[in-house]
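Dropping a structure here in structure tokens format, bear with me for questions.
Labels for the chains are A, B, C, D, E and F, by order of writing; each one numbers its residues from 1.
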Amino acid sequence: MFYHDNKLQYKVRVDKPNPAFANMLQQAIGGIEGEIRVCLQYLFQAWGSRGPQKYRDMLMETGTEEIAHIEMLATAVALNLEGAPMSMKDEMAKDQVIGAVMGGMNPRHVLSSGLAAMAVDSNGVPFNGSWVVGSGNLAADMYANVMAESTGRLLATRLWEATDDTGMKDMLAFLIARDTMHQNQWLAVLEELGGLNGVHPIPNSFPQTEENQENNYNFVSTRVNDMDGTAERMRNARWGNGTSMDGKGTFTVTPAMPKGDVPQLAPPDPRGHAQVEQMTGSDGSLLDKAKNIL
Amino acid sequence: MFYHDNKLQYKVRVDKPNPAFANMLQQAIGGIEGEIRVCLQYLFQAWGSRGPQKYRDMLMETGTEEIAHIEMLATAVALNLEGAPMSMKDEMAKDQVIGAVMGGMNPRHVLSSGLAAMAVDSNGVPFNGSWVVGSGNLAADMYANVMAESTGRLLATRLWEATDDTGMKDMLAFLIARDTMHQNQWLAVLEELGGLNGVHPIPNSFPQTEENQENNYNFVSTRVNDMDGTAERMRNARWGNGTSMDGKGTFTVTPAMPKGDVPQLAPPDPRGHAQVEQMTGSDGSLLDKAKNIL
Amino acid sequence: MFYHDNKLQYKVRVDKPNPAFANMLQQAIGGIEGEIRVCLQYLFQAWGSRGPQKYRDMLMETGTEEIAHIEMLATAVALNLEGAPMSMKDEMAKDQVIGAVMGGMNPRHVLSSGLAAMAVDSNGVPFNGSWVVGSGNLAADMYANVMAESTGRLLATRLWEATDDTGMKDMLAFLIARDTMHQNQWLAVLEELGGLNGVHPIPNSFPQTEENQENNYNFVSTRVNDMDGTAERMRNARWGNGTSMDGKGTFTVTPAMPKGDVPQLAPPDPRGHAQVEQMTGSDGSLLDKAKNIL
Amino acid sequence: MFYHDNKLQYKVRVDKPNPAFANMLQQAIGGIEGEIRVCLQYLFQAWGSRGPQKYRDMLMETGTEEIAHIEMLATAVALNLEGAPMSMKDEMAKDQVIGAVMGGMNPRHVLSSGLAAMAVDSNGVPFNGSWVVGSGNLAADMYANVMAESTGRLLATRLWEATDDTGMKDMLAFLIARDTMHQNQWLAVLEELGGLNGVHPIPNSFPQTEENQENNYNFVSTRVNDMDGTAERMRNARWGNGTSMDGKGTFTVTPAMPKGDVPQLAPPDPRGHAQVEQMTGSDGSLLDKAKNIL
Amino acid sequence: MFYHDNKLQYKVRVDKPNPAFANMLQQAIGGIEGEIRVCLQYLFQAWGSRGPQKYRDMLMETGTEEIAHIEMLATAVALNLEGAPMSMKDEMAKDQVIGAVMGGMNPRHVLSSGLAAMAVDSNGVPFNGSWVVGSGNLAADMYANVMAESTGRLLATRLWEATDDTGMKDMLAFLIARDTMHQNQWLAVLEELGGLNGVHPIPNSFPQTEENQENNYNFVSTRVNDMDGTAERMRNARWGNGTSMDGKGTFTVTPAMPKGDVPQLAPPDPRGHAQVEQMTGSDGSLLDKAKNIL
Amino acid sequence: MFYHDNKLQYKVRVDKPNPAFANMLQQAIGGIEGEIRVCLQYLFQAWGSRGPQKYRDMLMETGTEEIAHIEMLATAVALNLEGAPMSMKDEMAKDQVIGAVMGGMNPRHVLSSGLAAMAVDSNGVPFNGSWVVGSGNLAADMYANVMAESTGRLLATRLWEATDDTGMKDMLAFLIARDTMHQNQWLAVLEELGGLNGVHPIPNSFPQTEENQENNYNFVSTRVNDMDGTAERMRNARWGNGTSMDGKGTFTVTPAMPKGDVPQLAPPDPRGHAQVEQMTGSDGSLLDKAKNIL
């Protein structure tokens, strides 16, 4: 179960409130790269964890830490909204800076939340539970987590560039640091699980003898012509020759070539009410099975 | 630009149509682990690619291949729906197998698509463009791609387990193989970009001197008590001690401890119309700035 | 403004309640082919109508009628849910028909609505306002409406096939009839607006001299090879030769051929924090503009 | 900030796993009546709280408790999925109970999560951040919370009815009890804020002299005729006569009557490319401002 | 069934069109606090109403009134969009007021609707049917309705503050008044149903003897430490002592304490293809049931 | 299967990058009127095509062409974002044009994609798979396609008006031309299928004798009064008299009149836990079936 404290994990200070920056911070709260996503992702992975206990423990710790990050960012949004323009009245015409701010604001920060953070991204698109990945396969989940912390740290550095508020830069420098740790931490699990060779192909519990072994290490090139030497570039790249990354095959490059047939579906079921013309033979007469419907 | 052929990339055969399996296959078409997602993800990454040309080329090739995978799966769905029950009439009471099938079917396969695939997952939830990740950072994108191919291959092996139709198993064995290659291929780019040490922390273009260096390699433990020795387990794990995976720090474990203050927001802006009681001082009198609204 | 009556537009009778059919009916309420969509679509088109008054009047009349259709279907859902199984306990094992029904039910009819209709489709996916099309162009809107009534009538005939309840068939026969009228009605507007020749290309207020006149009446074939004579079939079809449907051009068939260049994007903006490797020249050295970030 | 424990708030025991019940439990996790919603709702209200500190404290306490409820339910889902059928192969034909279970299962519990809970409802529709209400007005928020706990307790009692697993009934009896407390708790705040008379109309900080005082306490009847005496019933009901609930007006009943005009919009802006026919005067000639576009 | 009139329920006048305000008004149309939501909510509650007839009648009346409110707001949006800038060309650089307006506009008002209202909120997020609450429990629904009218009136007062257009202020003063009535009206039903004591805990038809009676009236405090006296504040608040609001218990405050165990899930089902490392015992050897898959 | 080329279908040139226009272009990529929608719509219709082969072929060709249109637009977005402001720092206050641009930008173009296109519309709302219509009825699908190309061409002409960049206008003139062809092409299929008389009512495979023939060609007027002669206008319009468009009936106008009864639902199932007051008879005593729950 869970407990809380009345203090923040790290200090949140806004020297000069900026409602447009408040909107940008929403991306780090309710966006696909944001903290609600990683929080729920790690917690759901923990709650569904099957296998060695220590991975469950680890996910629980970091999932809990992430709640505190949502809290920090929600506080930062509210502080950036202090004194925000509440109307479309005269401000927009009179003051250029306010006009620009209003263009960058989320109107729902005024209309819906009363100058507080919401569970939405910087376009006002609500957080979506489909982003919470927990696959039951520990290695797949670790990649989902590395990916989340990579786009998360990327977002935080972009927010850091987007502001010159000292307080905000300090808070973001903290969050950037935590993302550094979290990237490393999920990578550490992948090492424990055997590294590239032990982990891949994910899932490593499916016998590779059952996969189609003529097509599991060849780069398929779909280029119709090759006037600029792409094929050559592909063959010379790391993925075009040599041992595969998982150590279990050899990379080759092959041109795309259909191995299947022209697909043929049956005529429509009459009860599905396609047009009659879809239910006639090549001689224009109605197919037998369609006769009883007309 | 793009071209097509009238044949499938690989043969799609259904020996015994199963509408409930048709529904399961939808996960591989319109689900977050599915082929529309990877197709658009690789193509959007290619179209927005900045930096060395060969990565754009590579993404384009594989993005194009994925369209053919959607096509194969859409064909498989349609073939599994041949002869599906079109009504709730008597079948359900009469035949146990049909009853079970109907329970597992997507009613929209009858009502909306006329026995054909749709751009939805196995719960009928529509494909969502938010799943298409292209961050502008090549390494972050490669992790997004490894993750997509890991959950994708996992899904395909689960579908393989869920059917005993020889044709379907053969098609899935092909798709599983392609996912093996694609996992390897994105990992190959990460190696080219410098491996763990060169790539992390992502983005590697943000100077680590600017991140909070007291908090970038410590595992934060949020446990309130530790009767079962979790802390010890954490300290002994790969992420609790030794050199970090990126080679740029040393892992430690520290207990969670608030470094910030109790957050303090200003009273509400009267024009935002909080309740009056939110705009009174500790002595119960109305705050000055709220006086003019009542 | 709007008024109501306490009776239904047409009688709704359910002889034998069927909770699985109740779920199917949801498609006609909250689905993309359903009545909430057409109701809001016609009303929003009316409320935003610019131009001759009679089109606004007409849209208003039919938009209002559609509210009564939602009402009829919502009533039909509730009646089909009378006596539905409320539990997962023993029923499912004991009774085959109930088992089948439960498989086809929407569990939220029990859990969320207390045996009543909801604003969702037959997969439980909520109605989505993005489906409400009102473009400001009357002809485009009429096509949106013909399309809505075509998929709507198609859905209603499929529901008619899916039940043998006399009451339900009677109600659906009424709704099918109304959709016949509504298809005709929107087509009548298109005739008033000038028919194919007067209406197309939509919008007819954009001067065709400004569109690219080398590419406005040619069917583009993207086939990479043509072993089965598709090109010939295309050339012989109505869209492959002769006068175009709008009477303003002549159909031809041309093979797909790139007219554009290989796209070239600038290197990443350093403040967007791509990987360093994306910001190096072909000699491996850091691009000038990236130097100040590291 | 936040902490956790390795134990559950209350015991979670499943005597006989039931994958269909696992799916039903998802409604209490990721549904609009579920625990993710109340958890985030109370926390976001706390983080954006402006006014007396004790309300922030209270929201924080209960928001934190709700995380533990998600945890309990996620655990219950995983336990109900132990041993669930992983395939569509032969089971469905052979065993009636399994067939029924499969009809009621969420296929993504097999395909996507590996037999664990997800952030979705019992239709597989993902949790949606738009459900997290925090308005900045404490009284409005308290009603949002009473409402959430009312539909939440209702859902829990329906789940209690739907199972006869002793362990599950015990867990649900705990959650039902907590919802009893939470309903009471938010109502207590409303009493502290002044009860019906002090609180309403919400927001109580908008001067009622500014609202339209001819229309603020009359029940508007939109009935076109009244053959069954509805008007009489309305006049005799609590909302049809006597002092209003907020004590600030007197209820009356008035028939609906338009007080506004027929709306008149300007002709389309030519650059918006309506059809030409929308831009002609009553004499059929093109409006002046449309002339320059053709 | 439903009827309409060609006039508006109340006059809608825009003295000075403002496209940015048009966008704000969208929140009152397609937002979660908006009129489409209450309209559908009351109508669906009416259509699914079980129990005394007068509640159905009442819901029908007000649901029908709300359609007229959508109409008024849609008209207001269209009028505020008259003369809106149609391009990004030179205006933005030349005129500061237009620049600000464009920043606050919804580009889809130009691109998608041709200067008319859409079924979206002020972020352009489409109306979502999940917001339509009808639970089958009359008291829960009344709270949902009070809540909707509370956030609805709050929104309307914020829009009133955001404009100084006399026509818009007059229209909003009417809508604010109607929301006053509607809050009172739903509260009147709650009084008829027995007030706090009769109504709660909702649902009042679940025997409280079946809920966990040790945990139904205690405020759970999740604070890990209490340096600022929160616990004391909680104990002294209305929800910390004395008779509960429903009159059926006595409030107490108790510290959070786990009553459950450490959750233990079974190892993964091999057919779900977790990583092999998740299917090994503590001695590192493969679990029996996993052996047959590798 | 599918192939690609490294060149664009048509040249994409941006003379003066404009990040606000980049945002507008997103509507043509990820919006409901956009290219991802038509691309997937035509491909899914092809993949599910049942009936004459040539329609499948045709859909495949044009579906493939549309991928190239997404590519062109994604390239245009990236080019319009070159040099976009990356921060909220000082720019907004200093430069009016930049301020206006920032107001019109999508912040996620900076924060999430690193100055590249995304699978979202011009409000940042993600592409939604529900927009992909493929009904199994060829005629209904052709109307869906005409409608898509009508709103698509409308959107493109509005984008053309919104820019004065010569390169962008040239690209849009090409896309507008292609939409002209595509409108004509789908109309040609409708002619092949028999024109209005042969095609309607859709589906033409449902025997009209089974629809309610008293209500299939009458325009229903829901007006409560008619002071301005609407009824007369309706009777004189094309849809108010004469032969119906499908040639199978005669248009009439009839006033709305309820043909159904007042709906009557059963009392609530006690296990669904409505309020007790909903389960009492008119004499106030508990209904028999509710007695056992209290």
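In this section, a contact is a pair of C-beta atoms (placed from the backbone, for glycine too) under 8 Å apart; a residue touches a chain by one contact, two chains touch by 3 or more.
These are the chains along with the protein names UniProt gives them: A, B, C, D, E, F = Mn-containing catalase.
Note that the coordinates shown come from a computational prediction; the quantities given were computed from them, not determined experimentally.
Asks: Looking at C-F and B-E, which pair shares more C-beta contacts?
Replies: Result of the comparison of C-F and B-E: C-F.
Asks: Pick same or different for copies subunit D and subunit E, depending on whether their interface residues overlap by over half.
Replies: same
Asks: Please work out the Cα centroid separation of subunit A and subunit B, and write it as a whole number of Å.
Replies: The separation of the two C-alpha centroids amounts to 6 Å.
Asks: In angstrom, rounded to a whole number, how far apart do the mean CA points of subunit C and subunit E lie?
Replies: 26
Asks: For subunit D, which residues are shared contacts with two or more other chains?
Replies: 1-9, 32-33, 47-48, 50, 57, 60-61, 64-65, 68, 75, 78, 86-87, 96, 99-100, 102-104, 110, 112, 114-115, 120, 123-126, 128, 130-131, 135-137, 139, 151, 154, 157-158, 161, 202-203, 206, 222-224, 228, 230, 256, 258, 260, 262-263, 265-266, 268, 271-274
Asks: Could you pull out which subunit F residues touch subunit C in their complex?
Replies: Answer in residue numbers: 3, 5-12, 32-33, 53-54, 57-58, 60-62, 64-65, 68, 72, 75, 78-79, 82-84, 86-87, 110, 114-115, 125, 128, 130-131, 133, 135-137, 139-140, 143-144, 146-147, 150-151, 153-154, 157, 160, 170, 173-174, 176-181, 183-185, 187-189, 191-192, 196, 200-203, 206, 208, 210-224, 230, 233-234, 237-239, 244-246, 249, 251, 256, 258-263, 265-266, 268-269, 271-274.
Asks: Under the touch definition given earlier, write down the residues of subunit A that touch subunit C in their complex.
Replies: Contacts found on subunit A: 154, 157-158, 161, 224, 228, 262, 271-273.
Asks: Under the definition above, what is the set of subunit A residues touching subunit F in their complex?
Replies: Listed in rising order, the residues of subunit A that touch subunit F are 18, 20-21, 23-24, 27, 31-33, 96-97, 99-104, 121-125, 151, 155, 158-159, 161-164, 222-225, 228, 230, 256, 258, 260, 263, 265-268, 270, 272-279, 290, 293-294.
Asks: Given the complex with subunit E, which residues does subunit A contribute to the contact?
Replies: Residue positions touching the partner: 1-6, 47-52, 86-90, 92-93, 96, 99-100, 102-104, 106-108, 110-112, 120, 123-126, 136-139, 193-194, 199, 202-207.
Asks: Could you pull out which subunit C residues touch subunit E in their complex?
Replies: Its residues touching subunit E are 1-9, 30, 36, 40, 43-44, 47-48, 50, 57, 60-61, 64-65, 67-68, 70-71, 74-75, 78, 112-120, 126-132, 134-137.
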